[in-house]
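Several structures are given next for inspection.
Note that chain A is present in both complexes that follow, paired respectively with chain B and with chain C.
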Partner chain A sequence: MSAILQILFDALSLGSLYALGALGIALIFGVMRLVNFAHGDVIAFSIFALLWPSTDAVAVIFAGNLPWFLLVPFVLVMGAGLSVLAEITVFRRFRKASPATMMIASFALGFVIRYFLLMLFSSRPKSISLLPALSQPVEILGARIPLLQVITIAVTVAILFGLTSFLKRTRFGLEMRAAAENFTMARVLGVRANRVIMGAFALSGALAAAIGLILGSQTGTADIQMGANVMLMAFIATVIGGLGSLPGAVIAGFLLGAASVVMQVTLPIDARPFRDAFVYGAVILVLIFRPQGLLAARGTKERV
Partner chain B sequence: MRRLGADGVTVAFDGLTALSEVNLAVAPGRITGLIGPNGAGKTTLVNVLTGFQAPTGGAVTLDGTALTGLKPHEIRRKGIARTFQGGRLFRDLPVIDNLEVTGVGLGQSRRAAIAEAEAMLDWVGIAALADRIAGTLPYTDERRVAIGRALMGRPGYILLDEPAAGMSAAEAADLAALVRRIALEMGCGVLLIEHNVGLVLELCDHIVVLDSGAVIETGDPAAIRASEKVRHAYMGTAAEAQMPEGVA
Partner chain C sequence: MKRRTYLTATLLGAALASTPARADDDRIVVGFATAESGFMQAYDKPAQDAAMIRIKEINDAGGLLGKQIEVVNADTKTDRAEGAKAGLSVIDQGADLVVVSCDYDFGAPAALTAESAGLVSFFLCAESIKAGIQGVGPHSFSASVLAAVQGATMAQWSYEKKGARSYYRLLDTWTEYNKGICDGFDWALPQLADATLVGEDTFKNEDASIAAQITRIKSLPEEPDAIMLCTMMPGAVSAIKQIRAAGINSMILNGSGVDGSYWLSAVPDLSNFFVPVQGSIYGDDPNADVTAFNAAYKEATGGDPSTQYVYPGYVLIDVWAKAVERAGTTDADAVVAELEKMNEEPTLFGPRTFSSEIHHQNKARYLIVETTNGKPGVVDEWTIPEAIPVADLMK
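Our next item is the complex of A and B:
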């Protein structure tokens, strides 16, 4: 029983990370058909923003010692800020470019961010102690679950509900949903395109920063590559979910998390090192049967 | 005089002339028809009137003021609305949100937009569809939502681009009643672009016939029906089939 509970929490917390990442990618894809491959580097950047530049193995803390109620907003603002800056300085100039061109621009931007961090901090992972109180385990029905996992899941659920009601109930959310479905038409009707896109970038950046906080607390290290794996899985989740579909991205994120954890436990010992190969195999299977994704967004497919 | 006009509008690209010196006026409270064979330039003219296409010559004027250089949403804010062929709704959004986002785009507060959207759905007669996802509606309801969306903010003029395409006779009759109410009750100037010539002859006070980018005839329904040039444009005697007898 407690073993199953442990697996469940592992699956949900890993799935939460992928879901948050997929949501950040899907939000931007929705409003401008851009797959933002710099997303993973925004994750890393928002954590490194807590440190003074140095190439030492032990991090020199800048804002990392703030109490949590200041630290969390600080990191979120860093993520959102970088993301908005990326839109203003880079992506705005590619507004009319093809999706492939924008994607390559996002790769380039990702490299710029990564090498900027590399220059200031070196490629050596740094140990940081971020929100150390969260590494305590809690007992739930006899299982010892890390508090961080519980909080990760709770925060993700809260973010999902918050974002849903934001999109449903606010004027900005309404404009964003319209723009995500048919950007040209929304613009023709007077929806403020630049504000909507900037808002999407800000939200996406804040989501990336939230992932950074979770990863940083989980691993106790800041690494310029720390966002890469989540970014890859999150991208796959948006594809499986149906590019542009927010619920699809979230569901697929949780499915991927669950698949990874379940395979980790159930695969024969000798096959476990190849877990990711099995996960990607499952992804290929899904795409063979539903090439448009689980929940295809209408705006991205041709009308029949 | 209050009018929306195309004054000597010419659109030429790469040596191809889509419209040449077209004059047309839409007056408040009146229904003006725009007909012509396929490729005559009807939709191009609508695109010019609503800022989607810049004319290479001539101008679009509203009450005598040229609207040169205005973007589509700016023209919409001046009270010139349009529908599109095929509706082009936000298909994943509920019907009510389709109207609401239009109100918000026009600069209304969200509360005002909701209130007007509800009133508008009621006025068009589709209040029951408010919460349906737009993409799941049948064709004819979709058109009515598109018209309701275009009427948000009470525009002075509305341009309907083939609203009856694909409709049965009964559905077209319902549509005709709605178009009449738009002109009479809202005092809105209507430009009706239609393939269904019978519908245009029935509804319009004044009709403009376009062929190969030029106006070949204007006049009231009787004059259009009697016109030899119009008959010719609609391919000789085959026109008889498209222009039924006995339409008032």
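Our next item is the complex of A and C:
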């Protein structure tokens, strides 16, 4: 019983990470059909913002010493800020470009952010003690679960509820949903495009920063490539969830996390190094049977 | 027609004239084809700084064969194609010894260039059997110790000195280095009476979470005495942090790749944690000369050595210079012959042996560093009694 509970928590916490990432990508895809491959680098940037630039092996902590109630907003603002900056300086100029061009631009932006970090901090992964109070086990129904897992799941659920009510209940949310469904029509009806898009970027950046916080406290490491793996999984989640569909992205994120954990648990030892191949195999199967994704977004359907 | 022949002859003559004369000239040149930029730079530079310290010591003491050692550099930019070019560049500048990047994959292009020019090459700190005869050729060496020796050392030492009997093996499948540690562990474990492997698992260095692997350890009927963790940075910190956060307090045995105190802040109050090292960066090496070297390193670079991977750079210049001195020439074949005669050759960081079969250490003395409450320090030393057979290393 406690083992199953443990596995459930493992799956939910990994799924949370992927779901948050997928949500960040789907938000931007929704409003401007951009697959933002710089998302993973925003994750890394928001954690490196806690450190003072130095190429020494030992990390020089800067904002990382703040108490948690200041540290968490600081990181979120850093992520949101970088994302908005990217919108203003880069993506705004590509508004009329084809999605492929925008995607390439996002790759380029990702490289710029990564090499900027490489220049300031060197390639050596930095160790940080981020929210150390979370690195201890708690007892839940006989299972000893790392506190961070519990917090990760709780925070993700809270973010999902918060975002849902934001999108459903507020005027800004309504505008964002309208823009996601039909951007041109929304503009004609008086939705201010720049504001909506900037809002989406800010939210997406803050979500990336939240992932950074979770990854940072889980691994104790700030690495210029730390966002790459989550970004890839999150991108896959947005595709199988149905590009542009927010609920689809979240569900697919959780499914991917669960699939990864279940494969790790059930595969025989010799097959375990190829776990990801099995996970991607499952992804291909899903796409064969539902090429439009699990929940296709209304805005992306061809209209006759 | 005649004109063309003349042109060809001129070009040929020019090419011949510009071919650098080696071995018989009156310079002794060490060429570093290493990463001065890109991510390998963080790993190459410290060992190269240590090599420069040994070169300076030799030059201050009157040089090698009565000549001052000159140094030339070329940047591989952490790029394999650039690596081959960097190798050519230092060879063109007259290098007698080509020192290449720490890692096998990144150092091999320059080492292969040196091999085809018939020159001796040394990997700064590669720990794969391929960094040498097996992967490059008969003139290639590595200054470090094979990863397998680290795994075997930890298995034997924990068994003999800590009474460990039940072991769990956790392998990060990312690199050959990681597999090497576990291969050494696998070689040593069956030789230890009543030591058992109670479970094993794999993960990937970049995994965001190893929760499922930890759940498997925790579902064992009893916590294992020791976990053999075959991994490297940056995933190592993440794995160690997650193992301890889940409340598993078994001994954690590692390869040298996790040496250093720079990352310990990530896992506050880490205890029961063991790392094999060639020399101690913590100021408590049983050999006072190592502590003196650390001071020299700090004076030269402005900082203390951050890991033990500084030391192989010093060793490589040391053994190569000894071989040159004994051969009386920098001629590659003569130097290789002298290097291969080295049997338990004393160095600042333990004895070194090379043979015509292996240009790497398949047996070495290791200091054991234990971390208690976040404080690392040397507690013991261990030499595996028997060298790991080359056949087992080639698996």
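Definition applied: the second predicted complex is superposed on the first by the 303 of 304 C-alpha atoms of A that agree within 3 Å, B and C clash if a C-alpha of one lies under 4 Å from a C-alpha of the other, contacts with A are read in each partner's own complex, and residues count from 1 in each chain.
Just so we're on the same page, a residue touches a chain if its C-beta (ideal position, glycine included) is under 8 Å from a C-beta of that chain, and two chains touch if they have at least 3 such contacts.
From a predicted model like this one, the values you see are computed outputs, not experimental measurements.
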Contacts of A:I269 with chain B and chain C, given as first, second, both or neither: second
Touched partner set for A:L70, first chain B, second chain C, both or neither: neither
Which superposed partner A:P137 touches (first chain B, second chain C, both, neither): second
Contacts of A:A186 with chain B and chain C, given as first, second, both or neither: first
Chain B versus chain C, judged by how many residues of chain A each one touches: C
First, second, both or neither for A:R177, with chain B first and chain C second: first
Chain B versus chain C as contact partner of A:D223, first or second or both or neither: second
Residues of chain A that lie at the interface with chain B and also at the interface with chain C: none
In the complex with chain A, residue positions of chain B that touch it: 52, 72-73, 76-77, 86, 88, 90-93, 97-98, 100-102, 104-107, 109-110, 135
Complex interface listing, chain A residues touching chain C: 3, 6-7, 9-10, 13-14, 17, 55-59, 118, 122-125, 127-129, 132, 135-137, 144, 146-149, 215, 218-221, 223, 225-226, 228-230, 260-261, 264-265, 269, 272-273, 276
Chain C - residues contacting chain A, complex: 38-42, 173, 200-202, 204, 206-209, 211-213, 215-216, 218-219, 233-235, 237-238, 241-242, 244-247, 260, 262-268, 303, 306-307
Complex contacts: residues of chain A adjacent to chain B: 170-171, 174-175, 177-178, 181-182, 185-191, 297-299, 303
